[in-house]
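There are structures below to look over.
In the two complexes that follow, chain A is the common piece, with chain B as its partner first and chain C second.
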Partner chain A sequence: MDLLNVFLEEAREHLNALEESLLVLEQSPSDASEINTAFRAMHTIKGSAGMVGLDHVSYFTHHVETLFDQVRKGIIRLDHASISLLLDAKDHVESLIFKESSNEMMAISEQLIHRLQDIAPTEHAVTPEAEIPPSQLDEGEGYWRITIAPDENAFVDGFDCMPVLRELQSLGDSALTVGWREQPQQESFDPLKCNLVFLLLLSADVSKDSIHDAFMFVQDDWQIDIDRLSFNESDKLGDILQDIGAIDKAKIEAIQNSKPKLGELLSESGLVSEKTVDQALQQQAFIRKEKEKTTPSQPTIKVPSNKLDRLMDLVSELVIVHSAISQVSLVNDIEALDTASEELGRLTAELRDTTFSVRMLPIGSTFGRFRRLVRDLSRELGKQVQLETYGADTELDKVVLERLGDPLVHILRNSLDHGIEMADVRQAAGKSSQGTIKLEATYESGSVKITVSDDGGGLHADKILAKAIERGVVSAEDNLSVHEIQNLIFEPGFSTAAKVSDVSGRGVGMDVVKTSIEALQGQVTIDSVQGKGTAIAITLPMTLAIIEGLLVRIGIEYYVIPLNTVQECIEEQTTESMLHQSTRVINCRGDYITCINLRQLFHVKQDMPKLQQTIICRAQEQQFGLSVDEIVGQRQTVIKNLSPLYRHTTGLLGATILGDGNVALILDINDLYDSCQLSDSYENMPAETPPC
Partner chain B sequence: MEEASIKKLQVLSFFLDQDCFGAEISAIQEVIEYRPITRVPRSPDFMLGVINLRGQVIPVVDLRLYFSLNVSEPTVNTCIIIIDVKLSGESFALGLLADSVKEVVELDTSDIKPPPKLGNVIDNKFILGMVEYNKLLIILLSLARIFSDDELQHIADGSEPSETVIEESDGT
Partner chain C sequence: MSKKTVVAPKELTVANAKQSKEDWLAQLSEHQHLRLDLSEMEEIDTCGAQLLWFFHQCIIAPKTVSFFGLTEHAKRALAIIGMQDLPLEK
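Coming up: the complex of A and B.
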């Protein structure tokens, strides 16, 4: 359906361009460039209307295009009459696209076509563009109808319905109604028995499986029905009542013939209880609301992205100014100042969130490109592959989204080429001949998680290990776990494809993916079961402009560590040996991990305190510690670029401005870890700092 | 009038250590008071660190260290001269630490003499010329040459962990 939205947006632009050209042509009828613009606009609308299944639009615009073609060739000259006819035609196209097409509209089309043909006699009978069955495009906009009838003994067994419902509701917009399984009788009513039936309408772009997941613990005993309904299905009250089995069709029709409002009539006549009608009405409201959402009625404006960047900069500065003011209000105990500062803080936060949301784009806008890729590639490779996408609404910063495209294409290509097997191999393995690749985007604790999973052959751990040993990436004695072996595919210059194909396997693959995701402050993990399939998960921050950071102090210097890499903080006594080593080994919950002494690494001159704080971070699947003097606290950190002069300085992500106006540097944990590994020998030189 | 302006050169004069230097003002954005500089670890010594200039993070370079002059503690007279430079097409602001800033003077281009071949405090290639103004010798710096693409590239590339022990002078 995204395709349709894109088409509508473009069509509007093209129609506007067409109108402008026509108006210019009215003044100077032989302006070649305007004729071309108009022709192109019509031509594009014709082509893309056919693609989204608006066959009538494409049929009609074809005639307009023919006319323009003849104008272009100089066969006919435009005059006022023909311009006004063309403007009429343009208006008609607009209403064909943006309003419902009816028989009446078709009649107008024919009439206009006649008039067009009067001006420009057609060479031969015209057939509409290749027909695309209109219903084939997509699963379609729709919603899930979930009927849940908990087991009679659910209460006795200690099951709570609420968590299940809450989980379902968290998936998307929903409407919940509760009813009885059977109308309770006063004398036989047993409060211990669960006699409830829940009906949940859910408008969410999720798979049936993920809905089933909510019932993981109760699946066996409860009665659960999940249906996908289309918005095209009726939202009439009678149909809803019928659907939930409250009444049959014949009775409704009988009553409907007597006109007034169906709901009132039904409840008055006692055929359906008033409560049931109320519930059905609630559902109706929900469906209508969701329907409205899917029709793009909101006008949009295009804004140059540098204006948005400027806005973002200003907001960032405002955030900084606010933290300065709140610091002042903390020190000076003035009530009026406190109030004003709090209010400013609230507004700043709101302004920041709104500005962010303006920069956010739904990830679905890139899905179309992937569909095409999978379609073309699977044909090329002779495989049967289907791409399923979920979570198209998940929003990401536009910068992140732009830079995410290539890595995702890489992963998809890999899945298609190496993951999914040929149809006969699949059948031999007892799988359906058509492979499935799932592209799923979800929100997960303040970041966005994108998973690409296939049901292909999975990774061959033995092959990878053999290759890695051959390439000298690891040695045979390393004794790696399966998971560690799988992660080897992210090593540079690593490819297990037996032969280099056009599609993938040039040896530059997953390491590039990993590098580009890490450049976006994200992380990539892989999970694969041989014979079952592979899932690659990318976790990304929602925006690159502001991150949650942990502010730390070393001597008199302040640094920020991105919070998403922090796992825990521990405290240690300072020992003599710590003074001289830039890295050492510490025991963290039974594991021995490397700890980097930032004081040594950064050559901080001030004396070491008696207690050292160590922050346990995670980067590149590795745990390691960073020793600092003090952990100041969590901060919203506006990332400022370091000057290009510092682009070769390792371990830094950027800088930020603290509440007091000073600059603190933001550490790039991945880079820092890498640079420590490289410069280990150098950093272990005796320190010049005298012991305290 | 126009002919005269071609022959005139407006120069900002400032002190580094004991010597007076001048820089043509067109590249200069502004002069600000000295403020604490955040050190960037593992970068060359003459790159003092970064400051916050109205929300922008700007690097500050100590020309005294770059030219191997004597370095002293910052005083009330210490200033940071903000200039515009270009590195591979990307223009950005850069701060120069100066022991003090004197004034903007207007010089006749005819008064500018080439630097002597030997005995200069800094490398000849960075000197545009020398001029005597009010009995004070001003060494005219070519900012364009000091911060040319080549030199900047050299600075940016050279910022690997430096082997030298940190200078005794304290920039922070």
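Coming up: the complex of A and C.
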């Protein structure tokens, strides 16, 4: 990669970091850590842009950096207006870097600089780069141990501990433990006397004075100890106990000569109370966690993503070759070959997992984009909306993650536009004026589940049904459940928006979401309660390259069913009627389930065996069955694309190569389910269908 | 073993912590196990939280106390003062 490409890639990362920081600063304007992050981002872009000859970028970012420098020094304080301006400036830097420059862009630069200078006059211009001591960027950074013993009359004097502790915790990462000042006795305990002691361990870029500020109203009465822990603070329990004065070094050394854990020994020996040991252990865990975070990260290298794709292809081929070798090994029964095949299998699995892990990215890397979207759109719509995100560390294959962005944007825009009500409507409904959208990612049964939920007005089933009847999607005679009606929003061209807005309501949203998710072998479901809100859940495989599959046989052909869709397998006697029906209904423990005869669907000529295997799968929250001749077993399946000739064949996702060199087709369960919904032949089911 | 379920008040604060303590201890003197239903508790301050912590940590065996139904709001309040580990019935 040449210097310019490196700059472009890094600039994107810095701009994302800057945007994230600005959105946090909008809520917590004095967050020193975020101010430093934003300053560093601008500072780096300014310097690097100059190095690659993008002088105008360097010139413009210098003014943005000046503003951050003054925020850092406490000369100016950020507010909503300045954050909006800085977000505009960030967008403009992005345009300057990634779009072709024009006179119009230069004019915008000057307008923005003028507005920046209104807030941050140039007489306070940033210290030239060479004069910034590196340590200044991290000034105040450190770990603090804060012991708080509130006055015993705090409660009756009207002082609650929560506001103080909340303020302290907002300063940075923290760990809090609570203990008793004196162990209360059951009968004599006076609940109105505060008998609690708090130990707060804090990692924050703040001064001791800032911490003292949190105790402004109580510092005369409460016992407060604030100790700075050094960067190289020992994480050994013995050192921590010595440091807090609980015991001296000689006693620790004496007791350490025996092997059991020091904490248990000290506690049992009576030299230190169990409570003190617990507090020290808490501190130990905190220091270790913080050290882990601050340990210089491993060196990284940037690799073009197509090289990773090639590596993945090669690993996939290796999985197939190993499958072939193990087949040969089974047939020939040569001990040395068996051993070599097993070893190859182990190494292949390890290589596959490592290669997967390289391609996995945390979903949190996309959350910043959504936060900005919610912020800007809510303002545009005049609504008060907050976005809460959970599970940012959940990882997905980079290809899945890249293709997930647009569907999530559609869902979020819908939530904002149609879900969350205006503040007055919410208040009239007894809700808080600010709506909440939650974006949550979790691992679930080998898949990743992403849920977007809001506490808005929910779906109006009557309106949806009326619109669906009007458009001929369903007829008035169809007796649909509320859930089925809600699912109509995924129908193509469906929209109930009273008016078409720029945000949504063009009827090209939710069906596109469903199609995009299903193209990723995922599923999308909806759950909505009128007046309470809507939750849309997307379930996705973690990767698109290799899946766990169930290998089945029909006649002489082999097929793979993605294992994450399989619920159970049932054996049935073959009946005459089975031979001729493309779909039928089976009674599975009282549930009537539509079952597709794959033999008919794929025109397999060979005779049916006496026993049929029916695999119950789940698609779109519904169960349905697939009838096959034999279940061969579970297989790791490398997905190969079908040739264009077969790409539009119903029910096929791809193909894979088996160990013996044969090809097995991989079934697309969503597509098969849709096809059996379209078929009406199951409506003519025989009444005598035996229960399973 | 006799059990008694008691619903905690909507507000568990310095205003009623003393009364709640007396009520709950009285129930505990008559029953072996006290179940505290926290589902209706909408407001809690540090004084109320201290009372819950006391019933969690300081009741003498064989008497026992368990908790259930903690609302999200109360959960967040307890977490602020380091009592996020208050065990709840499963």
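Basically, the second predicted complex is superposed on the first by the 375 of 692 C-alpha atoms of A that agree within 3 Å, B and C clash if a C-alpha of one lies under 4 Å from a C-alpha of the other, contacts with A are read in each partner's own complex, and residues count from 1 in each chain.
Convention: a residue touches a chain if its C-beta (ideal position, glycine included) is under 8 Å from a C-beta of that chain, and two chains touch if they have at least 3 such contacts.
Just so you know, these numbers come straight off a predicted model, no measurement behind them.
Enquirer: By the touch definition at the top of the document, which applies to A:651: first (chain B), second (chain C), both, or neither?
Expert: In the superposition, A:651 contacts chain B only.
Enquirer: Who does A:155 touch here: chain B (first), chain C (second), both, or neither?
Expert: Only chain C; A:155 stays clear of chain B.
Enquirer: Just to be sure I read the superposition right, which of the two partners does A:350 touch: chain B = first, chain C = second, or both, or neither?
Expert: Touch partners of A:350: none, neither chain B nor chain C.
Enquirer: Would you sort A:663 into first (chain B), second (chain C), both or neither based on which partner it touches?
Expert: In the superposition, A:663 touches chain B alone.
Enquirer: Now for A:110: first (chain B), second (chain C), both, or neither, which partner does it touch?
Expert: Neither: A:110 stays clear of chain B and chain C.
Enquirer: Please work out whether A:186 is in contact with chain B alone, chain C alone, both, or neither, and reply first, second, both or neither.
Expert: After superposition on chain A, A:186 lies in contact with chain C alone.
Enquirer: Touch test for A:178: chain B only (first), chain C only (second), both, or neither?
Expert: second
Enquirer: Looking at chain A, does chain B or chain C touch a larger number of its residues?
Expert: Higher number of touched chain A residues: B.
Enquirer: What part of chain A is shared between its chain B contacts and its chain C contacts?
Expert: On chain A, the chain B and chain C contacts do not overlap at all.
Enquirer: Flag every residue of chain A that touches chain B in the complex, lowest number first.
Expert: 313, 316-317, 320, 556-558, 601-605, 640-652, 654-655, 657, 661-665, 679, 682, 688
Enquirer: Give the list of chain A residues in touch with chain C in this complex.
Expert: Residues 154-156, 160-162, 165-166, 169, 176-178, 180, 183-187, 189-192, 194-196, 198.
Enquirer: Under the stated contact criterion, what part of chain C meets chain A in this complex?
Expert: Contacts found on chain C: 14, 17-18, 20-21, 25, 45-47, 50-51, 53-54, 57-60, 77, 80-83.
Enquirer: Note which residues of chain B are touching chain A in the complex, please.
Expert: For this pair, the touching residues of chain B are 36, 38-43, 47, 49-52, 54-59, 87-88, 90, 92, 94, 152, 155-161, 165-166, 172.
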